[in-house]
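One chain, subunit A, appears in both complexes that follow, with subunit B as partner in the first and subunit C in the second.
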Partner chain A sequence: LSRIGDELYLEPTEKGLSLRAVNSSRSAFASFLFAPLFFQLYEPGGPAPDTDYFRCKVHMKSFLGVFRSLPTLEKSVGKCLILLKPRTSRLVLQLHCKYGVTKTHNLAFQECERLQAVFDTQRCSNCLCAPARVLADAVVHFPPTLAEVTLGAGPGGKISLRNYVEDEAEPSKTMVTELWLAEDEFQSVTVSPGSSITFCLKEFRGLLTFAEASNLLLTIHFDEPGRPVVFTLDDTVLEVHLVLATLSDLESSSLPPTTNGVSHLPTPADDLADDLESYMVALETSTCGGASGGPPSPTFPLRAPRSDPEEQEDEEDEDGAVPGTPPHKKFRSLFFGSVLTPGRPGLAPTQEVLAEDSDGEC
Partner chain B sequence: MPFSAPPPASGEPYVLSASLDNARHLSSLLRAVHFQDHATCFATASGLRVTVEDAKCIQANAFIQAEIFQEFAVQEESVMFRINLSVLLDCLTIFGTSSLPGTSTALRMCYRGYGYPLMLFLEEGGVVTVCKINTQEPEELLDFDFCSTKVVNKIILQSEGLREAFAELDMTSEVLQITMSPDKPYFRLSTFGNAGSAHLDYPRDSDLMEAFHCNQTQTNRYKISLLKPSTKALALSCKVSIRTDAQGFLSLQYMIRNEDGQICFVEYYCCPDENVTEAEL
Partner chain C sequence: MRFRAKIVDLACLNNFSRVINTIAKLAKTCTLRLTVCKLYFILSDKVANGGASMWCELCQGNFFDEFQMEGVAAEHNEIYLELMPENLSRALKTAHSAKAVKIKLTNKHCPCLRVAVELPSLSSSSRIVTHDIPVGVIPRRIWNDFREPTVPDFDVSIYLPVLKIMKSVVERMKNLSNFIVIEANLSGEMNLKIETDLASVTTHFKDLGNPPWEDECQSSAQGRDLESMAEARIDIKKLQQLLAGQQVNPTKALCNIVSKRIVHFILLHEDVSLQYFIPALS
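Take a look at the complex of A and B:
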């Protein structure tokens, strides 16, 4: 989770304790749901039966600091007690160690709104399932600094992984790595041939490290380019979701018309002259190029040209939040059901969202 | 193997001369107190004491008794000089710091007296290095006036239990708060950093606790930056005694066993932090 965001969201629910994180550009979201059975004791609510479960967020670094040295933890810590104390605004983490020693950490937290990315695995037409090791072994071939990777379905049921190269990159200076995985390496493959998505590798690698260590099966749900890709890990006591925004495909003819009447090319940020210039070039030449130079990390455009009216509202709320973000790539944002900072006009819980969070499997 | 130094030209004997088969017996102890560039060396017939101080608040002493040396002779009642400890350590470890089994650096140390440099002869595998380190006027050392009769609380812990705790101290906290009490929490180390507060509790009946003599509940705070260097001494030691007096002065005594099984001591004295604010629990 620390590979994704700087803040850790803790949400106790009756289904278990959920730990979540989102990145600053809102293009990556992950949640780890630990079922009550995972714990020796799990008491999510306060004494009153109808009170809402308390949610909070803490600085990732502060939380990680408690569990600093894994080998030492394994050797010397017997059990860990986590207490949420709203009255003193403290998250208490108490480690019971060898020799009767007790380590108590009182972390400051902030109250927060529910953090939930909107996605629906049922709506994804493509689904892959494989032991995490297969994909971990595959991504090892890509340089550690590589930002994005393209996953595609090829002929004969083969799955390809290829590093994503920006269109304006010089052909003579770029190295392309492509590798193909046979269908039998996967536990199940349900893909439409020719489908492909491009997503950020950094967060994916983080998940793979966890999945490999826990020896779990990884399921990948994806749809068309631009719609988020959902990675899931399932276990009897743990449910993990990683939702990443994917690069939208400009040449796709299945784009619905935009609501604001602008052309099918996604609009770059209004406040970047560089983007405007390349946007004009793109309009003239009608090629899929247009991304301006800048940091390669995916951020989402301030306006989503293919958004439906409900989504548009979400986007407008985000506009105010990240005015200075240079949305250099065409990554779509993930639509969040609720806004994070209290005090902002939060979206009503009954608001119609495009897609509910669902536990649907492939 | 020890070898004799060339006789001084004027025939006058060295005020201090010592031989040590394994220079590591000295260098590792000196490293445990090396948190400032300069140290004061004080030699008597009983042995060598090296003192390092900082901020007029903290003092560390490394004791290497005469018995550790193969030869140790002090001609006057006591010999004292100030020396650059960083340079001294660099010379003592001139053949490298990695300890291959079977190899060790032999040391001969000679000092002619006030105004003369400290001479070091180091030999390993037939190669000899001669070092001359300038000495300086010794400065007045702090006297914490810490004696056993004034001790209010004392515990002796196995170092193993504290090592990890000290290594992982939250350095964003300005102070390390030490609570010693005949009642719960018995012995507690607390920090108050950016992330929040952290408390490390050691119960009196813990296996790590070798001795527990607490008469009064005391809570004292010490500047964490001053105490952090003591982690080195803790890492080397097998046992540590923690004592406080009525004024809150802290004495940490580390028992260190060297490669040959000989015992040496390092102690740290620290005065409590003046800026006392309401302790956060």
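Take a look at the complex of A and C:
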């Protein structure tokens, strides 16, 4: 969660304690729902009936600071008590350690409204399910600094992962890494061929690290480019959702740039032109000077992304309400649920005008 | 013009990766020259490199299980490519457990070296990761810019101290100064010196030994007073990069000093030779 945002949202519900985070550009959202059974004791509400459960947010760093060294904690801490004290405005984290030592941390919090990204996995036409390890092994081939990755469905049921190269970057200077995952590496694959999405790798890597450590199955739900991709992990006592905005170029980035006007789906076979004769002839006979003089390499046809009319209306509302930084590049902000919609993630209201959650305004 | 090569042996692959990692530390962009028997990584002494130049030579047979090359023309059966060795280094980084690595020159959208790493996977087919590294094809008319440098007419030739020690000395000196003076004599003594406003630091090495060269190369060194030091003041970063890039101890490591002109380093491994020239600054 700390890889996503600077604030940790705590939302107790009858279904369990939900920890959530969102990034400043509203293009990444994650929630971890711990069922009551996960805890030795779970009391979500105060004594007064008919009141909404108390929600708050704290600084991520303060919260993490309490659990700083995991190996030490595992050795010395017996129990951990998390207590919300609205009247004193403190979130109490109490660690009961060995030898009768009790460490109590009082964190200041801010009351907040419900943080809920709007998404509906039912509406996603594509779904992949695999052990997290498969994807973690795949993602390791991309440099740690890579920003975005494109996931696509190729021919033969293969799933591809490729680093995303921005339009502005020179294609003849950027290294492209691509790998293919066979259908039988997944537990289930339901995708339409040629579909693809591009999303940020950083948050995804964070989720993979968690999932791999817990040995969980990862499910990926996605739709068209521009609509958010939802990653879920399911366990008996834990439900995790990571929602990332995807790049909404009208031209899907799964298709390689056209060469000679003919575009074809990428194939994993290596039947590529490895004969540079014609290129060399052109190079030798060109009259341009300089070391790399010669015929310019075929360039990628540049396509200016046009905004999707359906999205525009919603985005305007988003922009109007979002106090934070504008969306990163062409990633659309995720839709965030209005205060009035109760219910768990997954039950999305209609896609019409949605009010931004208003932090701290009571 | 074609190039296809394959490495199947893991030890060879790791060895090749190490060479590439070393080159990547020395040059952001360099020239790869391919011939039937050898690969060369060349950095010519342009101003942009700070005047440093590099010549690294490998016998392809020591690394590749398959190696097919067709040059630009029959009488010029060679290929010269410009590339960023860091890309190659990254492509090989996660190939530790690879079943095979294939490298091929392709021209899909622009000339690229396609590195295909075949990894074992739990599924029925192997996992294949491809990296398309963009390269520039260097036309024949400027191949002359990349000729093998000659051994300079040096004043002193001396074996280097244990590289690990030399590296840690230079790294600490780098914190204090941007320039370092290397001086050595024909009695096996070498000093590394730096000087700042507040302090001067010298590390002395002795009993290093002086390599025997054939008579013709020793013209400046012949008849030279054994105790007299030849020195050159060079950019400390360049020296540090050279030393930091050595992941394995070379079989032979020596340097030739042309007083106040240039320092020529030669690092020899079993199957790779690396020459690095650092010009002296005034």
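The working rule: the second predicted complex is superposed on the first by the 260 of 362 C-alpha atoms of A that agree within 3 Å, B and C clash if a C-alpha of one lies under 4 Å from a C-alpha of the other, contacts with A are read in each partner's own complex, and residues count from 1 in each chain.
Note that contacts are C-beta pairs under 8 Å (C-beta built on N, C-alpha and C of every residue); 3 or more make two chains touch, one makes a residue touch a chain.
Treat the numbers as computed from the prediction; the structure is a model and nothing was measured.
> Under the stated touch criterion, which partner chain does A:59 make contact with: subunit B (first), subunit C (second), both, or neither?
Touch partner of A:59: subunit B, not subunit C.
> State whether A:69 touches subunit B only (first), subunit C only (second), both chains, or neither.
Only subunit B; A:69 stays clear of subunit C.
> Check whether subunit B or subunit C contacts more residues of subunit A in the superposed model.
So, of the two partners, C touches more residues of subunit A.
> Just to be sure I read the superposition right, which of the two partners does A:177 touch: subunit B = first, subunit C = second, or both, or neither?
Touch status of A:177: second partner only.
> Which partner chains sit in contact with A:96 here, subunit B, subunit C, both or neither? Use first/second/both/neither.
neither
> Spell out the part of subunit A that touches subunit C in their complex, as residue ranges.
Spelled out, the residues of subunit A in touch with subunit C are 134, 137-138, 140-141, 143, 171-182, 184-185, 256-257, 259, 268, 270, 272-277, 279-280, 283-284, 291-294, 297-298, 300.
> Okay, in this complex, where on subunit A does subunit B touch?
It is residues 59, 61-62, 65, 68-69, 72, 76, 90-91, 99-108 of subunit A that touch subunit B.
> Which of the residues in subunit B come into contact with subunit A in the complex?
Per the stated touch rule, the residues are 161, 164-165, 168, 170, 194-203, 205-208.
> Which residues of subunit C touch subunit A in the complex?
Per the touch definition, subunit C meets subunit A at residues 1-4, 72, 82, 87, 90-91, 94, 102, 104-111, 114, 116-117, 121-125, 127-134, 136-142, 145.
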